[in-house]
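Each of the next two complexes has chain A plus one other chain: chain B in the first, chain C in the second.
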Partner chain A sequence: MWARAVWLGLRASAGGRRGFPSKAAHQGSRRVTAELIEHLERLALVDFGSQEAVARLEKAIAFADRLRAVDTDGVEPMESVLEDRCLYLRSDNVVEGNCAEELLQNSHRVVEEYFVAPPVCLFGEIYERN
Partner chain B sequence: MLGRTLREVSAALKQGQVSPTELCQRCLSLIKKTKFLNAYITVSEEVALKQAEESEKRYKKGLSLGDLDGIPVAVKDNFSTAGIETTCASNMLKGYVPPYNATVVQKLLDQGALLMGKTNLDEFAMGSGSTDGIFGPVKNPWSYSKQYREKRKQKSHGENEDSDWLITGGSSGGSAAAVSAFTCFAALGSDTGGSTRNPAAHCGVVGLKPSYGLVSRHGLIPLVNSMDVPGILTRCVDDAAIVLGILAGHDPKDSTTIQDPVKPFTLPSLTDVSKLCIGIPKEYLTPELSSEVRSLWSKAANLFESEGAKVIEVSLPHTSYSIVCYHVLCTSEVASNMARFDGLEYGHRCDTDVSTEAMYAATRREGFNDVVRERILSGNFFLLKENYENYFVKAQKVRRLIARDFVNVFNSGVDVLLTPTTLSEAVPHTEFIREDNRTRSAQDDIFTQAVNMAGLPAVSVPMALSSQRLPIGLQFIGRAFCDQQLLTVAKWFEKRVQFPVIQLQELMDDCSSIFENEKLASVSLK
Partner chain C sequence: MATPMLRWCCPGRRWIFAGIGGGSRHGRGVPTGSTSSGKKGQSSVAQQPLITAQKPRKGEREWAAVVGLEIHAQIASNSKLFSGSQVDFAAPPNSLVSFFDASLPGTLPVLNRRCVEAAVMTGLALDCHINRKSLFDRKHYFYADLPAGYQITQQRLPIAVNGSLAYSVCVGKRWSQMVTRTVGVKQIQLEQDSGKSLHDNLRSQTLIDLNRAGVGLLEVVLEPDMSCGEEAAAAVRELQLILQALGTSQANMAEGQLRVDANISVHHPGEPLGVRTEVKNLNSARFLAKAIDYEIQRQISELENGGKILNETRSFDYKLGCTVPMRDKEGKQDYRFMPEPNLPPLLLYDSGSLPTGADPQQVIDIDQLRERLPELPRVTREKLVRQYGMLPEHSFALLNEVGLLEFFQNVIKETRAEPKKVTSWVLNTFLGFLKQQNLAVSESPVTPSALAELLDLLDRKAISSSAAKQVFEELWRSKGKTPAQMVAEKKLELMQDAEALEQLCRSMLEAHPQVVTDVKKGNPRAINKLIGLVRRATLGRADPTVIKEVLERQLSS
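Entry: the complex of A and B
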């Protein structure tokens, strides 16, 4: 079963390269596993509920897969349109600040000059989704 | 008075024909009367009146700060405004009051502008309709124009006139509607994929996206750091140039602003276009383009040619991939930018306090709508280690190809590109919501987002009314940092086409005092 899932995954990426998004989406459901969704929801800290997340993500991936058709051999990635210029750096002098009180006012939970966060769970918590 | 240009009002203020307080009160009154448009999230009445008072003192002493002193303006609600709630139309920031002003807001205030309020948008500027914010959708003022209503009466009788109201486009729909309905003289929008130009075209106003790096993003709540730009919405090109002159320039607080010196400029009135070369990108002629927009685009090209300009067809070969590339880069940067909303330092925080992860997850579920959450999820997928090269880096490479396409075209002698801004005129809300946000954005951003990827300046200028008597605008795209040249060409075009003024008098009968004595340029009653 596992080997078959891998084979279908390979078919899906081949289909993508030929630019058939609907095909990839159909086989993409093997690619977008429940584990992947859970992993993503954990990383992103947003949730949808499995079925809906899978559907939305599949569409997004299928759409993005169209990029495979572009030949980018020898092309460098572009991070910024201003790449030919030097980023401006300010001199390392303190010119403003001292506004801790103002900033703390925007938080819901504050103790003295600390923002209060709940404890980090150390033992790999399984948090429940709706 | 409200229908005048910035320069005219400024002159009137200097001569004492009208006072800043009067101007402020008229705009506030009009905002109240047009409340049904839902263009404003917050109306900063007290702040505006106080600013008006101060402006008046300056005028009395003959010490006006400049062209914007005493002029009512509005700001999109994703710009930080000190002491005034800034929500991004999201539950995540509802009730959030920034402790500082965005640089562009500060610049407007330093010039004496009156801040009328914060305008409505799609949540976190994600959308192309201004329909997906927590405060509800923005209605296009043209839905209520005499021009549109008379045309509709011819077709259908006795229908509920409000049920089929039109969208403004987005995501800066509130700003576009505010300017279109005369409640302010200029408004700030933001433009990441067309969010200023799209609603400008649908609302019949000028929407300028300056070159990336020209205007500071400090204080603009970021969506895509490498593409976001503050946008300017006004009723005429000259006004946009005035505002740009004030906003442009290096900001030490935004290291992505260029350090080249920038001065306010006056747009020359171009009369001779014979040295101008206009490029028409052939890939922008898509089957989805409405026949009316296509015909106006063609008419505009002919106009330039008949007046002596060189008009040539050009190619931007990677056009069909730009929306996909944008989708990947945008969701990836969004995934990163939205990570700051964790409920700890500002913004919404959920009630559970069991663990940090549970708290973050619940806060973000409660704070973000599903459009935002979907983009975050997708973005995180593209940024996974196993996907990074194939999606994110791939998209960055395609971005270079797209930017290069533009450079090649401009290097071949083209000064300015002429394209449609939108596929069609504004559609009714009921029709717009038949497709989801992502589909709509992908459709509606088609002519506008490549410009953001290349960082070029672009402006949408209203050209004419459609057969339904709704505005259609065309887009001009210029070379990087040649915003002045771009606006000069746009101004020439604006003068030639004489786009009609929106007629909203019927709706505001008791506002007649605002419009009487106006020698408005209401040319032909089409």
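Entry: the complex of A and C
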């Protein structure tokens, strides 16, 4: 979860703030609210469980915030360590598939050849989709 | 208090759309503002905006609607976007699924070259700027048919941006008054399709088929330049034809190869834009315009009644003919976009920037793709109008039906008849029969050669046009005989003996002196009786126009 905060932080710095602790850095010691925890739990399906876990989260955010001390003015953000690599293009041939039986073995429940999932009512969200 | 008249103007077309507050003289029923009172049962949605003679009453202001579209088209490729499993509409569940599609650990995405080419071609056809460098991202959300928990898409830097799509709408009651409109193409991006979920409410479970998971999609985002359902439907239709002409997607809405989401808002002209709603699940060409118009009307009604529009996602219920909210989550969806760590940037080249000595399989040359672009529908239509002198709306009709253009061109090739005659026969008679029996062109019992032969007979004046229609009907019903054979069998040939016809006419005139006097007195219609008599005497084998000509000539001498 802290990875996103770091990513956002980096992008904010690239927007031209100087390297010294900015207003954003102070938020490293901000409390993580119960509302935010609930939101994160729903988004990422993790379980923060205890107050100890939340405290650990806050420490992790503070640790990552120290990155803001780096002056990244005028530096193009690196978005991927692969940025200099060549993206391999595959020919449009069918070479995989046809392993339904094997894949279905992974599933806790199976009906005929379908995976079975709980009814579409995950965490109070109902979608109608094809 | 007067019944509220809800006025919505489709600006470019200068229509007034009269919504009915309580009653209106103007024709078909339109869903009223009483959606707030729950009358979802009203399934009648106005088919087309109606002209009203009324001007906006004092105190009532016009509304303008703003419609933007997000269109997902399945790429026509053999294998999926990032894996080598097959793309097919109908196959046993989960049989077209690779380990990557099932998101098993240790699998990685490998980009399909054909999908990139399809995206570039579509971008070029829509006059987009092709980004030489584009990036892939992950869009996270949880759903049972998305095994990885995220979709690989292009959020930051898509493959093509800033294009335009020209389409035509009719502004008159008749098909013949067409104008061209343009809608901006904001961007085109490559992304993965999800699997399919089947809801089994009886047993409280959802069945998942991943055959579709990972199939390549082109998402085409159209700017909110449209103002009503009809414009949106026309734009989608033109995009469909373009994709089909390019071969980048079969774009068949019925098979889910083309899906449309609409973003709709209303406002008073001159004021800021209103809150928009997103309407999903517009998967039928027939209901696209209806659904959008319904939502526009719903928003107008809501606002006129003092309500507010929520920035929500709605779905179109085909049975009820209205949009319904999809149950809202607490707070907006947060997709936590992040760069796809397993894919480097996608780099495209043109003839100027091609790296020397590069493996051609690994390099995509935009200029080469541009050269190989097939002819676009717009160009095909223009050529038809120029070459055959047909009206623009005829060219639209020819391209609007699968296989019809080819049929038309095959007839033209084999017949000596005038193109205008061919156009008329193909679009009126032939198409009429097809539609009546709900057949595709490929299922037609009449071949282009047969129709060409028939039109030749007509052109040579060997048969009359009513005889030709008869023969056509016969051709449709029974196979195996050529038009010439049918004409011979049924003795439908036009009388070729001019002398005999002259004599027949003369004798008819002598036998009916009263009619002759009537005509000479100045009643030209009296001649019709004579024409009828002569026709019957020739057993219908003389052309009525020729008979008339002969009689008139003889009468005046």
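Following the convention adopted for this analysis, the second predicted complex is superposed on the first by the 87 of 130 C-alpha atoms of A that agree within 3 Å, B and C clash if a C-alpha of one lies under 4 Å from a C-alpha of the other, contacts with A are read in each partner's own complex, and residues count from 1 in each chain.
Just so it is clear, a contact is a pair of C-beta atoms (placed from the backbone, for glycine too) under 8 Å apart; a residue touches a chain by one contact, two chains touch by 3 or more.
As the structure is a computational prediction, the values presented were derived from the model and not from experiment.
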item	value
Contacts of A:Cys99 with chain B and chain C, given as first, second, both or neither	both
Touching partner for A:Leu67 - first (chain B), second (chain C), both, neither	first
Chain B versus chain C as contact partner of A:Phe48, first or second or both or neither	first
Partner chain in contact with A:Val111 - chain B first, chain C second, else both or neither	second
Chain B versus chain C as contact partner of A:Arg85, first or second or both or neither	both
Which of chain B and chain C A:Lys59 touches, first, second, both or neither	first
Chain B/chain C common contact set on chain A	43-45, 79-82, 85, 87-90, 99, 103, 106, 109, 115, 117-120, 125, 127
Complex contact set, residues of chain A against chain C	3-4, 7, 39, 43-45, 79-100, 103-104, 106, 109, 111-120, 122, 124-130
Contacting residues of chain B [partner chain A, same complex]	96-97, 99, 212-213, 226, 250, 252, 255-259, 318, 321, 324-325, 327-328, 331, 335, 342-347, 349, 352-361, 364-365, 368, 370, 373-374, 376-382, 384, 390-391, 393-401, 403, 438, 442, 453-455, 480
Residues of chain A that touch chain B when the two form their complex	36, 40-48, 53, 56-57, 59-61, 63-64, 66-70, 72, 75-82, 85, 87-90, 99, 102-103, 105-109, 115, 117-121, 125, 127
Sites on chain C touched by chain A in the complex	77-79, 83-86, 92-100, 102, 104, 110-116, 135, 140, 142-145, 194, 196-201, 204-210, 256, 259, 281, 283, 315, 326-327, 329-331, 334, 336, 338-347, 361-362, 364
